[in-house]
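Next, two complexes with subunit A in common: one pairs it with subunit B, the other with subunit C.
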Partner chain A sequence: MRREGSPFTGVGPVFTKELADHLSSIRMMVLTLFVIVFGAFPVASSLQQLRTVVSADAYLFLRIFTLEPERVQITFVTALNFIIPLMAIGLGFDSVNSEFNRRTLSRVLSQPIYRDALLLGKFLGGLATLAVGLMALWLIVFGAGLLLLGVPPGGVEVARAAGFLVVAIAYGGVWLAVSMLFSVIFRSTATSALCALGLWLFFFILWPMVASSIAMSMAPVQFTSADELLGFEQFGQALMRVSPGTLFSEAVAALLNPETRVFGDFSNLFLARSRGTIPNAPLPFDQSLLLIWPQVTGLVAAMIVLFAAAYVIFQREEVRA
Partner chain B sequence: MRRLIALLLCLLVTPVLTSAQVVAADPVATPAVKGLWLLTEYPSQTVRPGEVANVRFKLQNAGLAPETFALSVAGAPAGWKVDVLGGGQPVAAAMPGINESVSLTLRVDVPKDAKPGSQTVTVSAKGAGQSVDLPVTLTIGTEAPAKLTIKSRLPSLRGTPRSAFEYTLAVSNDSGKDLTVALTAQGPANFQNTFTEGFGSNEISSIPIEAGQSKDIKVKVTPPRDVKAGDYPVLVKVAAEGATAEQRVTLQVSGQGKIALSTKDGRLSGEATVGKTSDFVMVLSNDGTAAIEEVELSGSVPTNWKVEFEPKTIASLAPNEKKEVVAKVTPADKAIAGDYVASFRANGRGESASADFRITVTTSTIWGIVGIGIIAVALLVLLGAVARFGRR
Partner chain C sequence: MSDNVIEARGLLKLYGTARAVNEIDLDIRRAEIFGLLGPNGAGKTTTILMMLGLTEISGGTVNVLGFDPVRQPLEVKRRVGYLPDSVGFYDHLTARENMRYTARLLDIPRRDAEKRIEDALASVQLADVGDKRVSTYSRGMRQRLGIAEIVMKGAEVAILDEPTSGLDPHATNELLEMIRGLKKAGVAVMLSSHLLDRVQSVCDRVALFNKGKIALMGTVVELANQVLGAGHPLLVEAQGTDIEGVIRGIEGVQQVVAGGDGAWRVTADRDVRAAVAHRIVTAGGSLTRLADLQPSLEEVYTRYFQKEIRHAA
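Right after this comes the complex of A and B.
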């Protein structure tokens, strides 16, 4: 049977309803509080440290995000790398199966709304909620920086920080798509939450060890040249980049540290030692973007592909249960 | 018999001789001559009008009891001022001990208008029982005119505009009095002259030279940097009290090239794309005074980069000439974006110049387009899924 009209009619109402539900829910309040507390702590500490810095720094404002405070030992970016998935999973793990369980799905779909529109609307609603939360956090950091440092950020700094926000939203989108995929697959909300959190834990705790052990097993017994060592490091990095967290942290590192030219300790060392390189020369913004373009592409494409998978599964499901 | 007499004579004479020796030894303690004298080493001296002459003399007492002797001077012409000084002070009397002497000075102030001729001044010392006189003849001499000579050992030196030319000159004062000699040098415009003492480092403008003495002075001539090749004379003059002497020294300046490497607008930074050749136009100029032959261009660039010059060598670069040189720089294929330093050098004969370029390497945007393509493919997959699985 051929479908009539656009498959996405009704995305708007679903999106607004979903956004309203999220923003007014207690869960969202808790998550936002969680994120703000988690983010505010490193920012407050790094601001305190930055106020005592006297050396001239062209990118002082960006250091708020990347500075590792002496007392807290966690940067704002590391904290976000950790919490954004949690927030996204919290928003998405029950988006579809709770409708099943409350038996409201058939009621929604009896409206002139396609399933396509329902899923897309739910995803966009989650993404918009995430974006609102992150944007609020970002603005709080900016405002606190302006207030406490008294230094206005330069144009490039604002552009880089905005790029960071976009990357953070894309990173949240990946985890939102993951959790929605699980919510489509499993009828039980607990199972889907457990699976999503399990995947998150896997990528955060287990995958770095697995990746390094795989890389070590592939490495030769003895390195005979610098190129071999570089190749080994790059192989390890390629494995690590399977984790979206690595993509996010690399992209953010290049955006917020304009001095970043390569990733990896040994590559950096090799670059610093090679003749003719000017150390710590900042890259122009467009070159930084080109450097992290694969990471950004990977995040966005992963988000789309995961959503497509969820979509395909959802389309083939029986909803009149 | 005769021998016996001789022996007896000997025996007789010996004690006589020994006693004579004993008698002769006595005068060592008590001088043979007793008396009082006024002594001077030079009883006849030459003085100059307008000057002060000091005549040293002694009042010598030999074997007399100490006594006060009044000192007086007689015979001084009118207008002359004559004093007797003892220990730097004017004195009127002296008292020499037994066998001792008192050093005294006759200070004669000769007026400027003293007429030539000899004057005899008599110094006398008058005691209770005796008096002594010392006539001193003072001749008014005509003043010898100041005379200076200057000699150079190496009057001609050769060098480049950047070298310092140092001439050692011997200045001698051939007149009878001490002179303070003023030193001047006249050279071409913008040539700098400094005088130093023979082995000293202080700059001087005049130097005192005692009568009859000679002193070494050094004159250092620094030509301006942009001086053209050629011979430049410098006249060194010494002058004192109307006497002058001069000596001409010569600087033979040979030209020197001076190479400079820069760009037209002075900007020493540029951009280059990974794996692609970029041209940097540089200007090679000769700011010196002589041509530079066989200028060779070279560059040091980061590892695996390539650099070529167009042209590679320049046969000759005349003074004030400018030539454009193109450096073709190719960053390595795997160069990482960022800033690098490449230094370019120009080597002529004995002259070199270098310029450091800051080259910003940018990577190609092809991979960015590829990334967008990947996202587009992902979207197409999604749309395909919508088309395939879309249903009511």
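Right after this comes the complex of A and C.
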């Protein structure tokens, strides 16, 4: 049987309410503070270092994001890779189950709105909040760069940095969808937060080890050809790409380091040599975009799949508390 | 169009193999207050959720204001107000902000919304605390805010699940008064309760639920007549003549029991108060008290199920 009426009825009001709630919440302030503290450290260090280097770097501005300062050993991008999931989880882990626990869900769902619209509105509200937060951070970094480096960024640099912002938001979207999925599955907000954080830690700490040990166990005793070695490395890389963090860091690497042509250490060198290309020549922007297309698609697809899973589970749930 | 705002036929809800609602037929008429009464777990909430399209229907049909809650839930929910069992609001928002959110979900134009919110809050006496956070509200105030939401919605049907549970007697009476107000405004009200006697006074008709089935349905007096054989119990206090004889002579009186101290309990199949007063006075007696004793639904319910058990045995 087909239901009638647009599935998007009511998305707008839910979106505005969620956005307003997030932006005025103390939790959002704490998360922003967290991000700024985490981000400010590497940015400040790399700016200091960049000021001392007077080189003819065409992409000087982008180095703020990717430079690993000697003293700090963490780039701004790595910090974001780590901190964006935390922010997204913080925004989404209680989005549906808190409505259950506050007993507002059945009242809201008795208004003319479908469950998908409620979920979508909440997701978009969270995503917009993330976007606002990241945009603010991005502007701060940009402004600091302008002030301290004293050179304006080139047009391509701005475009690449903007692309980076979009990828960062998509990456946040994946983790937002993860945390919302848990908020649908578990009635307890604590359990849902714990599961989301557990998954985050798993991907950051455990997964690289798991992936490499899986890959190792599948490796032949001896490689007979370069192709075999390459294939093997690609398998290991595919395993790593299960983690959204890998997709994010690859996409960001290609955007912010225009020299990036291939991902992975070995194949980078190998391919570069076999094709006779010079590893250090920067790619044009559109070529870099083409390069990261699979990563970006992967992030968006993950977001959609997770959202769909949350929707299917939510649809089957009883509204009564 | 028929006079029924809700029509259910053979409505069935299965949880696994358990029949939470077992093929019930139910009609709610325009501008009446209908009570779904029965103990906890009888299937009242499940019935309500199916009518709103908030839970799947396992069998049978429901029609709400001409719409099918399964296929056209948005149309149903646009016209039906629902006060869930132990309703919740966003605690960090004020009552007005909560109402504004609902108004936006209902797509009420902003200019209309403010006026409708004011009127609705005034109708439940919350206008002066409308800018306080809901976290400061008592349970009774939350229930009233729920009613205000239904008023603002301009609902044609109001479905209230256990509206009086957890309220003190004073708050209960206030709430029942507001429910009467809804009826006066032409809204059909369906309310559920596990406390039979508390709400029977406002209900025009009731359905007694037991284990997913409707055991009895009708006006309280009809049910009392049917089960207790006494629709209108009276308490009469008088002296001066042969009171018992006089009352027995009145048409419709079924039973007269002396309660001592010049008091009698009278049961009749119709309202005989006027006749009793008239006869006693014309017979030269002096009437000191004539009270209408409500037939107790509790009693109806217990008696009915005692009979059922006895029949089954």
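Here is the rule we use: the second predicted complex is superposed on the first by the 311 of 321 C-alpha atoms of A that agree within 3 Å, B and C clash if a C-alpha of one lies under 4 Å from a C-alpha of the other, contacts with A are read in each partner's own complex, and residues count from 1 in each chain.
Keep in mind that, in the parts below, contacts are C-beta pairs under 8 Å (C-beta built on N, C-alpha and C of every residue); 3 or more make two chains touch, one makes a residue touch a chain.
Model, not experiment: these values are computed from the prediction.
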item: Touching partner for A:L291 - first (subunit B), second (subunit C), both, neither; value: first
item: First, second, both or neither for A:F202, with subunit B first and subunit C second; value: neither
item: Contacts of A:K17 with subunit B and subunit C, given as first, second, both or neither; value: second
item: First, second, both or neither for A:V300, with subunit B first and subunit C second; value: first
item: Touching partner for A:D116 - first (subunit B), second (subunit C), both, neither; value: first
item: Touching partner for A:T9 - first (subunit B), second (subunit C), both, neither; value: second
item: Partner chain in contact with A:F223 - subunit B first, subunit C second, else both or neither; value: neither
item: Subunit B and subunit C contact sites that coincide on subunit A, given as residue numbers; value: 1, 3, 114
item: Touching residues on subunit C, where the partner in the complex is subunit A; value: 45, 49, 52, 54-55, 70-75, 77-78, 80-92, 101-102, 104-107, 146, 149
item: In the complex with subunit A, residue positions of subunit B that touch it; value: 300-303, 305, 336-342, 358, 360, 362-363, 365, 367-368, 371-372, 374-375, 377-379, 381-382, 385-386, 389-392
item: Contact footprint of subunit B on subunit A as seen in their complex; value: 1, 3, 7, 114-116, 261-262, 271, 274-278, 281, 283-284, 286-287, 289-291, 293-294, 296-297, 300-301, 304-305, 307-308, 311-312, 315-316
item: List of subunit A residues in touch with subunit C within their complex; value: 1-5, 9-10, 12-14, 16-17, 21, 102-104, 106-114, 318-321
